[in-house]
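Consider the two complexes below, in which subunit A is the common component and subunit B and subunit C are the respective partners.
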Partner chain A sequence: MVDNDRWGNLLAHCILIVGVALVVFPIYIAVIASTHTGSTFLSGTLPLLPGKEAWTNYTTVIFEGRSRAGTPPIAQMLWNSFIMAMAITIGKLSISLLSAFAIVYFQFRFRLFFFWIIFLTLMLPVEVRIVPTFQVVADLGMLNSFAGLSIPLIASATATFLFRQFFMTIPEEMLEAARVDGAGPLKFFKDILLPLSITNIAALFVIMFIYGWNQYLWPLLITTDPSYYTIVMGIQRMATGGDSEPLWHLVMATVVVAALPPVLVILFMQRLFVKGLTETEK
Partner chain B sequence: MSSIRILNLSKVYDDSTHAVKQINLNIDDGEFIVLVGPSGCGKSTLLRMIAGLETISDGELYIGDRLVNNLEPAERDIAMVFQNYALYPHMTVYKNMAYGLKNRGFSASEIEERVQKTAKMLEIEQFLTRKPKALSGGQRQRVAMGRALVREPAAFLLDEPLSNLDAKLRVQMRVEIKQLQKRLKTTSLYVTHDQLEAMTLGDRLVVLNQGQVEQVGAPLEVYNRPETLFVAGFIGSPSMNLIDIDHLDKSINAHALSSLPKGTDILGIRPDCLSSSQPNEPSIQLECNMTLFEPSGAESHLYMSLKDQQQILIMRVESLKQEFSEPYFKVYAKIKDIHPFNKLSGKRTD
Partner chain C sequence: MQTKKLTFRNAWLPYLLLAPQVIITAIFFLWPAGQALYQSLLRQDAFGFNTTFVGLDNFTRLFQDDLYVNALQVTLIFSVGTTLLSMSVALLLAVLVNRMLRSRDTYTTFLVWPYAIAPAIAGILWWFIFNPSIGILPYFLEMLGISWNHRSNGNQAMLLVIIAAAWKQISYNFLFFLAGLQSIPHSLIEAAAIDGANKFKRFWTIVFPLLSPITFFLMVVNVVYAMFDTFGVIHATTEGGPAQATNILVYKVYRDGFVSMNLGSSAAQSVILMAIVVLLTVLQFKYIERRVNY
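Take a look at the complex of A and B:
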């Protein structure tokens, strides 16, 4: 595959550049749009160079908001989203680590049955079970609460399945050596399994966090109290709410701010799983 | 340090395979016992039962004076070295060795002292801060030994600890393990399928076959006087020639055969007890032709087939002689070198 065909190279690069442009350009537009005044939008043409209103726009959306136009300050919504995403991520990781641990290392009746039950729930994403789940959460009085936002989304077959596969690749002697060394099941879990799984945990953390952060339908359904609004549904309310024209420059500023936390999580976790990849060995 | 007493120990798996059958064994304090046998003979299962990694189906197991049948591995005061070492990959060598002590609640200063002492003994001090991945096979093997030694347990259990090493390192580690055991005088059980390892290491051998003990004894005792056909064929390299008495020329060997014990129908003759020149004492005589000459330096082996028979015999020779190329030549074995067996019972007849 390595040849120095000049035109081939050029063509390949052209395709790559077009591909990147297709992905990056809308994001660029969003960033640019968030630096202009609202009236620039109404004139019909959108400039491609940054304007001068960045500071005003961002401080407005984050701290002040324009509640009449459906834009409360987003700091609260960012915080809500963060709490929900973290609760979902940590909840999913702990539950799936523990259930994979049970399924792989303990002999109990109907072990395989339970494994397949967990596996089957893969076929039931939130959207499919949303009505009964709403009913349950409503009856438990968890509407408008962080518990209601996160708990129904915590069960995770994917992570359980991945951890199970990973645990099964750890040689049995590791468990036996730990038993001879006087480590009980929980100690083995804490001292051996968790450190060995750190790469997988980091990777899943990123995926789960983004999954939690991007939740839209569920928070839209169960929150009516603005103090529990999440950022993703907040954007939707901004774009459609109010009687006047949506304030696009503020919406765009919100979008840019909302996209940042997942990026930060990826940057932070990447260090961890690159480190994990180079240091663990089975 | 303590003795190990095994009484009628059995292991039956769920699918009713009988891996270990009614084994009885007394291991003295400080003794080095080698469990040897072909793969699937139950030697590893027996070791793992002693370690507590397999449940005991029947029988009693004492370490020291304690009945340990239902104790967890950690409570049995044993240390184990695994075939693939099973070092914790995310811990440094130091932590690998300290982990068992830490779980037993030793103080940090005592752990430090013991790890340093053991590391010094095994010459792995310079690796203490490394992780297992950064070590060679031989070094990992030492760390695995260190992890066992540092605990100063009542007994060491070693499950084929050298089989992942290359041939040269294996010989070197074999010598070291033997010296270490002589110095520490800790009761040790060593599992291997390599009969050379078994012969050189053990104070006593336990030869296992199909979950049963075939013979227990000092290495040379087992070599010089195998009690069963299985042991005769298993111990010694190349293995002993086992010749059916019907394959012999009855008229020539009539006198020699009559001096064998009653019931003998298999003659066991070691390759180095066959000779192409007739000895001055009572002997049997075989007619053979050469199939293969295998030179290997110090000693060479001649493969030959018995006249009119399929059976292949092996003889140790010093060099390839002219007479071997003749269609048939005679080889002799002294009566006193013959191990007589009965085919049906598989036992020795003298």
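Take a look at the complex of A and C:
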């Protein structure tokens, strides 16, 4: 009986369509721009319909690169981003599962102390301790390496909390039954906890993959060797790094390629993504 | 904090399980944070030969430094602008989508994906759209008699980075508002309708107050996002300019530490930022536990 008027609904649809159009607009423009030749931009404003140069532009950015701007072909950067994102994701998930298991299923000295140490990481994002963290990584000889790109980022309070919450909801009887059957802690973890947590792991995987893929400041600091550049930081060098006006058609082709993997992850795993997002923040 | 009633007994296994997380936290979080605290009390000479202990001098200098005070103001405007813009658009969209039955999932799909776009890429996209010579928006603004140039006009540059940062965050706010709206019992809204409250009255007197815990939570999250996660937006577009107009705190720490190599000052700025994060985190946990007004 509430909200059942036709005009109201029509108006709502209109506003929503405008809203969706505004949200989609920037990527639409990027896709359009990536299908034109460089000279199109010299003649003034960008056309709103696709051009014919898509194939040339995309093969150029992916396989040939732009030697003038000092950037390698982005195929290498995409691979680096993928390795970094996977290392961060898997690293975060594994160490968080292990610590949540320890905190929930064991009684030991300094348990609360360790819990608080993990909690503190929430309060110390990379951005606020840039210089000293860089110094530590440099002292450990981890500059220009995948270890340096991923390991310093894999501590995770949110994942640990989420798994702790989840483990607390698992019935006590599970452990009793496992005990009766003579299972030790590691067997219990592997054969009972892990299989039960699989949905939570998948949901967090989606969130963390996006987090890892989109890292910007950290790779910018610790990579000077172009063979370790990641795609998100590489774009900045193309777009605003040089002195001349950037080659926008190639920059936009790179933008589309760089944004594609995380966007696809969200679109194909929307349900897991929403679950991961709303539950990690509680 | 509780454990299971029944637990394993093992002298060393729990420590071993915790070791990776705790070691990484200690090396890459706690130690650098300690270093920042320590370095904030020191000053190096221009050549890096001499280091002297200067107490709180780095901090007092910061607050007397016009550039730092400017960065504080810029950060305030940027965070408030991004939070307000992103949350109000997201709330409007969420309220409208929540009315829909059949098309709800379709609209949601179209609205969630910008979450996947990195802040730096969001910045570059809007930088391109607003590009004074080839961008599409300046072309239309020109017709309205507005000349757009974010390379020379500080306010326009600020508007540009706010739009870019807010755009990316709409998805996040939208999802939380939508979840909040769906948890409001329909009977409450119907009761108000029977009492003769119109749509706007129903929204402001019933729906909005019931959303207040989520609104408050999102405010904190958005301020944290605008203050700390938007480094990429600034670095990939305005680089703090023109004339310091978009030089937010996080970008300034980076510039002072890596470009100007002013370690003492950069460390002091890090310490101030840490204090801000601690404050925001405490605020968040305190009020999320208590659930604002119900």
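As a working rule, the second predicted complex is superposed on the first by the 255 of 282 C-alpha atoms of A that agree within 3 Å, B and C clash if a C-alpha of one lies under 4 Å from a C-alpha of the other, contacts with A are read in each partner's own complex, and residues count from 1 in each chain.
Everything that follows uses one rule, which is that contacts are C-beta pairs under 8 Å (C-beta built on N, C-alpha and C of every residue); 3 or more make two chains touch, one makes a residue touch a chain.
Nothing here was measured: the structure is a model prediction, and the numbers come from that model.
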| item | value |
| --- | --- |
| Side-by-side fit of subunit B and subunit C on subunit A, or clash | fit |
| Dominant toucher of subunit A (residue count), subunit B or subunit C | C |
| Partner chain(s) touched by A:Gln236 [first = subunit B, second = subunit C, both, neither] | second |
| Partner chain(s) touched by A:Ile62 [first = subunit B, second = subunit C, both, neither] | neither |
| Touching partner for A:Leu196 - first (subunit B), second (subunit C), both, neither | first |
| Which superposed partner A:Pro262 touches (first subunit B, second subunit C, both, neither) | second |
| A:Ser99 touches, of subunit B and subunit C: first, second, both or neither? | second |
| Subunit B versus subunit C as contact partner of A:Gly182, first or second or both or neither | first |
| Touched partner set for A:Gln107, first subunit B, second subunit C, both or neither | second |
| Smallest separation in angstrom, by C-alpha atoms, between subunit B and subunit C in the superposition | 7 |
| Intersection of subunit A interface sets (partners subunit B, subunit C) | 176, 179, 281-282 |
| Contact footprint of subunit A on subunit B as seen in their complex | 51-53, 72-74, 78-80, 82-84, 86-91, 99-100, 103-104, 131-133, 147 |
| Contacting residues of subunit A [partner subunit C, same complex] | 1-3, 8-9, 12-13, 15-16, 19-20, 23-27, 29-30, 33, 41, 44-46, 48, 94-96, 98-99, 101-108, 111-112, 114-115, 117-118, 120-125, 127-137, 140, 151-152, 154-156, 160, 168, 172, 175-176, 179, 184-186, 188, 210, 213-214, 216-217, 220-221, 232-233, 235-236, 239-240, 245, 248, 251-252, 255, 258-259, 262-263, 265-267, 270, 273-274, 277-278, 281-282 |
| In the complex with subunit B, residue positions of subunit A that touch it | 171, 173-174, 176-183, 187, 191-192, 195-196, 279-282 |
| Subunit C residues within the subunit A interface of the complex | 1-10, 13-15, 17-18, 20-22, 24-33, 35-36, 39, 89, 92-93, 96-97, 99-100, 103, 107-122, 124-129, 131, 133-136, 139, 167, 170-172, 175-176, 179, 186, 189-190, 193, 199, 202, 217, 221, 228-229, 231-232, 235-237, 239, 250, 253-254, 257-258, 263, 266-267, 270, 273-274, 277-278, 281, 288 |
